[in-house]
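We just call them A, B, C, D, E and F in the order they show up, numbering each chain from 1.
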Amino acid sequence: MRKTVIPFGPQHPVLPEPIHLKLTVEDERIIEAIPNLGYVHRGLERLADIRDFHQMIQVVERVCGICSVIHALCYCQGIEEIMGVEVPPRARYLRVMWSELHRIQSHLLWLGLFADSFGFESLFMQFWRVREKIMDISEATTGNRVIVSVNVIGGVRRNPDPEQIRWVLAQIDWVEAELQRLEDTMLEDYTVKKRTVGKGVLTRQQAYELGAVGPVLRGSGVAQDARQTGYAAYGELHFEPVVETDGDCYARNKVRFRETLASIDLIRRAIHRLPDGEVRTKIKGIKPPQGETVNRVEQPRGELLYYLKGSGQKTLDRVRIRTPTFANIPPLLVMLPGHFLSDVPVVTLSIDPCISCTER
Amino acid sequence: MTETAVLILCGLIAGPVVGGLVSGLDRILTARMQSRIGPPLLQPFFDVVKLLAKEPLVVNVWQAFCAYCYIAAASIALVLFFLQSDLLLIFFVQAVGAVFLVVGALSSTSPYSQIGAHRELLQILSYEPLLVLVVVGFYLETGSFKLTDIYAWPHPMLLKLPFLFIVLGYALTIKLRKSPFDLSTCHHAHQELVKGLLTDYSGPFLALTEIGHWFEVVLMLGVCTLFWATSWIGMAVLLAVTYFLEVLVDNVTSRMNWRWMLSYVWGVGLTLSLVNLIWLHQG
Amino acid sequence: MFRMTPNIVRNLVVRKSTRMYPVEVREPFAQVRGELFNDIERCIFCGTCEVKCPSQCIQVDKKACIWTCDPFACVFCGVCVDTCPAKSLYQKTKYRSPTGERIIISQQGQPRKKDKAKDRAGESGTPKGSGEEKADPGGDPAT
Amino acid sequence: MREEIMAVSAEALVGEVAKLKVLGYRLVTLSCTELDASNLDILYHFDKDLGLKHLRLTAPKAAAVPSISPVYFAALLVENEIQDFFGLRFEGLVVDYRGTLYLEEEALKTPYCRFSLRSADQREGPAAALDAETNHPNAEKF
Amino acid sequence: MDIRAMLTVILVMAPFGGAILCIVLGSSKAIRSAIVLATGAVLIVSALMLAPLVPFRLSAATFLGVDLHRIIQVADVALLLIILYYGFKHRQLTVIVLAALQLGLTIYLEGFLVKGPLPVERIFCDHLSLMMVLIISIVGSIICFQAIPYMENHEHHYHVMRSRQPRFFFVMLLFLGGMNGLVLFDDLVFMYFFFEMTTLCSFLLIGHDRTTIATRNALRALWMNSVGGAAFILGIIAAYHETGSLGLQKILTPWLAGSGVYLLALALLCLAAFVKAAQFPFQSWLLGAMVAPTPVSALLHSSTMVKVGVYMALRLAPGFTGTLLSQSVAVFGAFSFLAGAALAVGQSNGKKVLAYSTISNLGLIFACTGLNTAESMIAAMLLLAFHAVVKAMLFLSVGAIEQHIESRDIEDMRGLYAVMPLTALITVSGVIMMIMPPFGVLLSKWMAMEAAAQNLYVIVMVALGSALTVIYWARWAGTLMSDPFAGRFRPEHQPALTWLALGPLCIGSALLSVGAPWLYLRMIAPMMMGPYSPAYAFKAGGLENAYGTFAILPLSVVATLGLVVAAVALKRAFRAKIVSPYLSGLQTGEPSMFRGPMNQSVKAEAKNYYLDTIFGEARLTDWVNLGGGILLTLILGGAL
Amino acid sequence: MQGIKRFINQLRAKSPWLLHFDCGSCNGCDIEILACLTPVYDVERFGIIHVGNPFHADLLLTSGTVNHRNKKVLANLYSQMPSPKIVVAIGACGLSGGIFREAYNVVGGIDKVIPVDVYVPGCPPKPEAIIDGVVLGLGKLQAPQERNGERKEA
């Protein structure tokens, strides 16, 4: 047969990050996709040898710039668990707020990029326009737009005042209104549906067995979300996962869109129940972490797992990070064959690939 | 003789100037639709001059040849339009340019360029018959293929060829490389084919293809004017509305794939043109 | 097929969302972590920042009283500011400006107990004219 | 760790894993740590309805470990990753990158084996990383 | 003896003589080449000498004292017996039945039907005949020249022990004579004889290699053409029945157009033409014929033999002006044009692309014939001439390429420019001449389209077909210019005779395109009489009629200028920095290699789109045959 | 002639086409670069458009640490850009390797592989800073002859 071999990436305009897919194509139909990773591999897990466990917060935040809060949160929760540190309630609620803000910005980012992947440039622009508002909130409440560096072991670093909180509420109202205006296009437009419905189908069974996580898993009808475990303050906020059943790119799109709205709702609830008090437990004098733990949280892209092992020294023995994209790449490899070349960006982006997460 | 020379000159100048301005307006309008400010009006000219002054890098020397052939054919087509020549002939000459562009892209081994070239061929396959049928529509209405006769026709053509105008709209959208038909190459970077057809053209050669594209755009808009050739105002309004709709469509649709394009454009386009042509034939 | 149209038309009519950045500069938020400064006058050269910095971009020479920072390696996390016992480190709300050359900020201070009089805050490696990131010991911005 | 950990041997591994699959568990990931100069500790994390279960395997570096990627396709990436990081060999990988998943030839080999790399680590900082470009003599060849 | 008669005799008999010499003396390569070259030269000179003398009619009652009709009668029966023999030899029932049927009909016609004195003005040479004669003699001879080195190579490649070239050239030359006879004679029985002769020759040539597949395809060609022969003889009988004449010009009396049997006769003759021109559903013999050595393909199937079909249709056209038959022929032709183009898109075999393209172009000629207006007839004749020349050139280039890279697949020709620059360039220029203005093929296509604009069915199919045509040609041209070349090859070193064939054809077709106005004025306009009128005027260097204009000369000048500019640019581009094509930043130093997974070097390959799922042979052939069959039935039925 | 040259150089600064290559950053800088293209910052005001292809680019915006695998890609892309070309390194990682300097698979900043013209510090730099950096780069694009052209290319 007449095979075309295409090096897709590492530098490729539809891929915001470098990953290489060797695509073998027949008349634009993909018959094989072999990934090549390692373009973003830094080896930061190994930095645990030379950075102490406090400094590692800043390192793990930079595993991925889009979900830095949640990386740090997962890491801190793990350390807190080993060290037996209790986090003040206000800090737990603030952690939820910042996590959800991050989820919104990540999902908005993704919705934009996804729109771009099927060539809907103006929609991309609109989502990113809305996203800037969230970036403003981040910047105002934490001091930085992207890598907010707000989690510490034992709590959070910033304590927004009531006026700031009110401002945040007003801002997310605006975001919600803007999003509702875009909902019709993103979920109902003929061309959008034509490009996403039935593309990259992952059945419930496949998604479960291939270890898909996050919206990919929930788009296939499995109601599993690490937030259900109730870490931080989620247990008190009556969290419900968003589930769609079709398992195609459209379903994932819908899951993410609905999750964005759900996150806005969660922020509102978290803010309404925000207790007063301290935001940071002093950990001076507690022995450095000794023991091992596994901590899981829900990133925008899915479930994130940290395996931490310490032996009572300032540096940890092992920091192992299993990021959601890492888990979603095998499903991607299963999804790609059989689609057309023009669907590659759509299917690839539908797992919301975060390569810097994957390779660390 | 002088008149001919003036017309030739007009054609040669109108292409880059009008085409560039239209392209600049297009970019501003697009930006405004996306809630942005957008570039200055003269931005396309800056781009082209800059590209012309860049270091020539080539992947395959034949690309240079093809780029020149493309712009030559595109400009000849426009000049023929200004000389009020035969409409069918103009499209044939225009097709030469399109083919050379494709051949140039095929001469690179990059799969992106090659696939872009093939998609461009499929685009040609989609719009070429439609253009011929539009021309046939003019013939059936006016009894001539010559632009002199068509422009001299006393009634606005749009009233008799409304469906063919829509069909021309399809062709125009494909030619302008607008969504949903921006398959082979696209004005925006984020496309699975990188820049498709134009991936391996660079520097001055890219500038040539861009100028050639302007020639083609002006030519296509010129064909649009035929639909309301009786008054300047009608012509201007028709052009403005058409172009606005083109930009709008670009901004409210996503990019489709070529299978959809082929079936949609042929299906809808051929049906519409047949309906219109049969109407003309009977009426 | 044209569901986006209302949004597009609305965008055409209402105010554009573009910030005209170089023309109009927006006031940064109050708590933004920008450029790092060391008020060398107040620095006690304890070396806490050197230890705490996750990026390890600060070197403190306790004997010679030289505080050196590689601004290109700084990740603007603000840990050093938080932990500075003398509160000599602070971050402006303005970000650090881009440059065309590599720079190293090196500030020569005086031992805490000694004469606080005007001393040269030396900088090496910074080309002339692009020294706006210099920590000016005289003009205390005091946020 | 809060959850149940079960020790397995290399021989029993695939059987145990297959059993878990039948029980409806999904593979979360593998975590590998170096215990000492010759042994690795591999944790297999499984999940069912947000409850975790771990299998612990102590694997000597020299011997190959059977791959579970034929059972769980999802193990493909992580097993390749461990091959890269620790130089441990997995038998029967579905797609075997042979230690090139992340690392180029000039990069440090088996970078997570710190016991064998300790000497290289003495000189920290970029110098060490740059040094690694010229295949460090102490680095274990994969 | 009249010089015209002498030239006619030479044109028909010289090849026969050459052929016989070939088989008698041709075992030595030098002598054989000399004979072929001499025959070709004689043919070319005679054809050129004939040019200023047309039109003329001549009586030819006897040849060397024997009644000419009698000779043909005997020869005809002999020919049919030979076909019958081959039918028995290969146990091909269809061939046997058809040959027997033809034999019976011939005997019936000659022995029982034809009564009274036969007209003796049997030679009729107007400009159409002349055009055919020129094509056959010049292009055909050039092809024969190229065949000399080609066959040498061919036999070398196939390790043939005992050269079969004498036989090969015998048939080739015989064929040329037969073709000339066919177009120069006006008597239907004579035409039938020559028609059958070309059938037999093509059978022998297709089967020349004696491989199983060659034999099978040769037999297919034989039986299909026998269908045409049968239709031919039936047509003659019907025509004779209605008009009492065997002279073609006599038969074509428009006042008979109302008669059903008369139209049936014309329809049957058209059917014979369709079969010869391999129109759907008879295309398979032409495709099968591509197994033959390439000069055979070029000679039989591009430039000459298939043209017999369109020649006959053009001859017959005045007979059915304004009838339903004419309309149906137009639709049928347009359908062939579209279907041929669509099938060509699905092909990667270079020769098959050429074959389908031939079918497609012949379809367009038929469509023009069927449209039957002055403009369309002009278009048809111009297309006939230009297509013959350009297509012969393309066939010969593909033959040359094939012998070098040992493949005829377009994919294997990727980057051919790097290794066979001149041949590649000639092929590309051939492609350009097929699809681009101001070249002749496109000129005639333009005329055809403008002529077809009145007929909605035809114009829609022609519009679609011409877009498809662009695809397969452009794809091929681009592939040739791509680089680097990957396959096995022998460096470009062509025998002088190959250049002698390719060079003149290439330059000739370009010049012919520029000379299209004169071609029109000198060759075609004089024929526009009867129902037709010389529709186009030569104005401002172009051809213009009431509703269209094609500025050939100005365009040629401008195109030349553009070419010069582009060539200068090309020359300068050689000085520019050459970089690797875009491979997502993964290129290694080697051409088109990238660094893939597992640190392997992978070749970035891109193959052309052949759209097999849409235009594949397997998918379309049945539908196309069905369509062609239905249309043919309509033609035959509509005639009644 | 000199006038034309100056004019062209001015135009160069008016139409810088941007190629973005993420060579191992954490995404933070990448999304800020992308944010520059979107309505709120809209760098198309300066004629900047994002092209996905080195052949068309004038400006190479790179973010992230260079590692052993992507350094070849980076050098390849740089070599495919027609001159005059400007490289802008974005973010702490791109400048020096940032917080990952000591990691084993990190070579260092962008300037270890290709010559860098503008350094934009930040982790990640704000879009305003990126715009500043690009503007600084444009100055260099306007006077390409002043660049000490062929520096070390890996």
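The rule is short, and it goes like this: contacts are C-beta pairs under 8 Å (C-beta built on N, C-alpha and C of every residue); 3 or more make two chains touch, one makes a residue touch a chain.
Values in this document were obtained by computation on a predicted structure and should not be read as measured data.
In summary, the chains found to touch both subunit B and subunit D are A, E, F.
Relative to subunit E, the chain whose mean Cα position lies farthest away is C.
The count of contacting C-beta pairs peaks for the chain pair B-E. Relative to the whole-protein C-alpha centroid, the nearest chain centroid is that of B.
Each chain gets a centre from the mean of its Cα atoms; for subunit C and subunit E, those two points are 81 Å apart.
Chain centres here are Cα means. That of subunit D falls 69 Å from that of subunit E. In whole angstrom, the spacing between the mean C-alpha positions of subunit A and subunit E is 66.
Averaging C-alpha coordinates per chain places the centre of subunit C 41 Å away from that of subunit D.
Shared contact sites, meaning residues of subunit E that touch two or more other chains, fall at 579-580, 582-586, 597-598, 604-606, 608-609. Residue numbers of subunit B whose C-beta contacts span two or more other chains: 33-37, 55-57, 111-112, 114-115, 188-191, 194, 199-200, 251-253.
Residues of subunit A found to touch two or more other chains are 4-7, 10-14, 28, 34, 38, 41, 43, 46, 50, 58-59, 62, 120, 122-126, 129, 132, 147, 185, 189, 191. Applying the touch definition to all chain combinations yields A-B, A-C, A-D, A-E, A-F, B-C, B-E, B-F, C-F, D-E, D-F, E-F. The residues of subunit C lying in touch with subunit B in their complex are 1-5, 8, 11-12, 14, 16-18, 20.
Those residues of subunit F that touch subunit E in the complex are listed here as 21, 53-55, 72-74, 76-77, 79-80. Those residues of subunit B that touch subunit A in the complex are listed here as 30, 33-36, 111-112, 114-115, 179-180, 182-183, 186, 188-194, 251-260.
The residues of subunit F lying in touch with subunit D in their complex are 67-69, 97, 101-108.
Residues 579-580, 582, 585-587, 595 of subunit E are the ones touching subunit F in the complex.
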